[in-house]
């Protein structure tokens, strides 16, 4: 017999939905601290190294700070697209595959012109990268609209397919002819300047992918708050029947949301392969497509929230690397830390959607 | 391709299918109770690492299986608390569970990379195992293969013929009606989720203790997701889970054999085939119409006044 | 009161912001058919849930046969002899009749034996039912039989029935009343909850009237007129909608050969529906829910498309048009389900105004929303239809049923439709809001629009319709003039005869 019961709010509390991510971060630091202690690290030191040192330590800061934008760029870009679908109840969880395909198609489009020095190559690659991700996302989208096939499972299965294609092209189609038989493509950043995604301002980490992420956030904000399409997306997520009554076509919405998310994930892949990663290789993808799901939720599926959440999540990556270096903390500990963050966030949603009442229960349990 | 022995192929099919069979059967019970837990992959991989670690440390695969089941059930309780008590979105929470499980397993598994599993004796049932053709195919497996078949039988009987099974189906079909009749929706769902977690843990442990048998990071490689697809394929019926799991086991074994036999098809295309076949099957099922999905599947239950 | 089976004394239950039951007392004797009368929101459901152990009272006590009765859960209530037939059926579509009944029993016999007992009881009480059929495939009347038989198998001392006739045809109501009278003769007490006055006068020998959670009177309903009962229930003199009959104008809407597959497994197929609607006319379509009403509304609103000339507006085929193209052409609709279909509960009234008002009120330019115009439009609806709300930014789900329904209907009417289709416009709405909505529909017709009103409430249809038809199992009877038509005649149009036929077990088996 519980003395605590939940009462549905007529509408979610705006104050609390803004506050819960912050509370979730605090709770995760607390629980994470316990985990670090259990692993034999000083919790305070670990938290300081993860959250403070990458930004403010005189020794590491200058190296880490630019990395913040480098890591946050793809996360924000992908999460912004995913959030559109999540808002509408369309669950694309295969962004990792769309990211890989964007990188392959984009890099392939550039490598086809090697060693041209035309300034058109990079813009062409950007288009090709977006197309690659979009096309990969169209598979679940079309199967969903034509046959009603579950997009969750299809988009996820396609991640494994994309990983196999990645393995195939890095040792086959796109392998560096001058690479003495080693798998992996030519290094775009080092060997192919016209196809390289360079830093716009030196030592800031600000590359074209970060610019694209900021633009995506602004456009998504305008779409969601001012445009009828954004209204349709929210309506479809909150009341699907009302959306159909309002004349929203579910098929068009699925194509739009999955297509946009796929194109943005493809862009992220392209900017990564032509910039920080430099080349197509078998271990090119590092899970941005999955972490972006956490970023989308942590940002409350709101473009501005995603911007902040992306930066925070990037910080945990860099801080995690630093903790690996300084304390020998396993990389998986950070992955676990990120998973916890999502749990705490989802758990705290209850406060935004329900009132918690303490007293005698009204319903016999 | 001449090197493929059909008898060995079919025999290894049963082994290859067992992890997916266990996990899919567990998830089917969870979904029958109206809950969609997308964390199967996370619970499987956790079961794999825990089962392996316990197996290595105790030298007993049985102990490994037992603790893996407990670990899977324990992990599923995080999902149960957040979705059933704190009423969160099941899709997002399940995804979180998978991401969490992947991180947890690689953290636990670090020291065990490269070690050897303790081994798990096959039964070699006397007399029966000597039957030509059928003997090697059906009667020379380890006990978990037979236990997984017994589990199908048990779940089928429970769901079809017992009061508990009827209540479970009722809760999944219409949770408001079940509540109005006085059934404890949340309690039933907690138990179903725990069962699903234990089965996923067992399935994972089977991968690391028997099928591979060693610990490799991310070794379940989407088996948990395929298990979810098989539940849809099976239209939420136990015996079709068996059919679906063996179908996928067959494809996996066949493509591995083709790889080993030096097929002209590149390795990557063979390895992606189970995932492509999963997609194909999902499409065929959806063309036919998704019959049999529990009415309250994935919906948040909140007992209002 | 010592001979009472159930005695209720001073029951009080408060929810945040509202006292659902305030010091409610009454008693029910064995064999009595006791009416509990009250408007929506009067506290009937809360009271019943306390009797059935689903809700615990804050204060007061109940006694069964003189001993204190404090059911902690439905199981305990059933143990004390209380059985309940729910307003919204507590049934499981995918399970069969036996399984559904077994779930409502505490110690069900083995399935085969149970099936036999179901057949026996159903024949004994004139409620035929095949225990092996899947409940999702049954009609509303048959589904109710499942609930009743589930109760009867436990030999209840008190049978609680919550709004049982809202889903029945008039002929099915007669069968139900026979069954209830038989039970009453056998000594079973019946607590009959309804807001339908004529029924209560026909069936019950005692009535307790609730208003705003309080008992405002007790009487023998046979000694009171329906109007007296209504005024006890509502607490004021009722305003009956007034109308000026005008000559019907040109044909606005033509429906012909409208056939539509069901949207889901348990839906109803529309079969060759045909009618005409003229300017200035209200066409009433009677029928029990689940006979194709939702499908008909979807086919008219454009949520489901059909072959082009199955639906014509002023001669132009629009069967292929989606909802917004139809709105642009002047055909508007208001679905039955307010929360989640006609309105999005978590969105503000401004956003809900945009939901259907976009096209005709020009609330967007180049796809960008003019939020200030949407807010003004929502404000206009709130003012013109007296919607009680703090403002336009309140979530739709925070409004009471009646206020939200006024908003939904008002939103469509203020867009000056040429044809308006409404489904159950006053379902679950308090009497004064219902009267306002009916008057608004009549005013709209008086201004030259055509109105299609789909409703289960036959009194409502007789009050506002020029012509009446009925929808049964997806087929529509040819409309007839409403003047002079009787409830029995409407009942025949609703295919009541067909159900009468089924009510004889020996014939049903044939």
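Going in written order, the chains are labelled A, B and C, and every chain counts its residues from 1.
In this text, contacts are C-beta pairs under 8 Å (C-beta built on N, C-alpha and C of every residue); 3 or more make two chains touch, one makes a residue touch a chain.
These numbers were taken from a predicted model, which means no experiment stands behind them.
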Dominant interface by contact count, named by its two chains: A-B
Suppose chain centres are the mean of their C-alpha atoms. Which chain sits farthest from chain B? C
Roughly how many whole angstrom separate the Cα centroids of chain A and chain C? 47
Cα centroid separation, chain B vs chain C, in Å, comes to 45
CA centroids of chain A and chain B: separation to the nearest Å works out as 28
What are the residue numbers in chain C that touch two or more other chains? 15, 53-55, 73
Among chain B residues, those touching two or more other chains are 305
Residues of chain A touching at least two other chains: 362-363
Interface with chain A, chain C side, in the complex: residues 15-16, 53-56, 71-73, 301-303, 322-324, 327, 333, 335, 337, 339-348, 351, 354-356, 358, 364, 367-369, 395, 397-398
Tell me, which parts of chain B touch chain C in their complex? 163, 166-167, 169-170, 173-174, 176-178, 180-183, 291-292, 294-295, 305
Under the touch definition given earlier, write down the residues of chain A that touch chain C in their complex. 7, 10-12, 226-229, 231, 234-235, 238-239, 241-242, 244-247, 249, 357, 360-364
Residue numbers of chain C touching chain B in their complex, please. 15, 46, 49, 53-55, 73-75, 86, 89-95, 99, 102-104, 108, 265
For the complex, give me every residue of chain A touching chain B. 6, 8, 86, 91, 93, 143, 147-150, 152-154, 156-161, 164-165, 167-168, 172, 290-291, 293-294, 297, 330-340, 342-343, 346-347, 349-350, 353-354, 362-363, 365
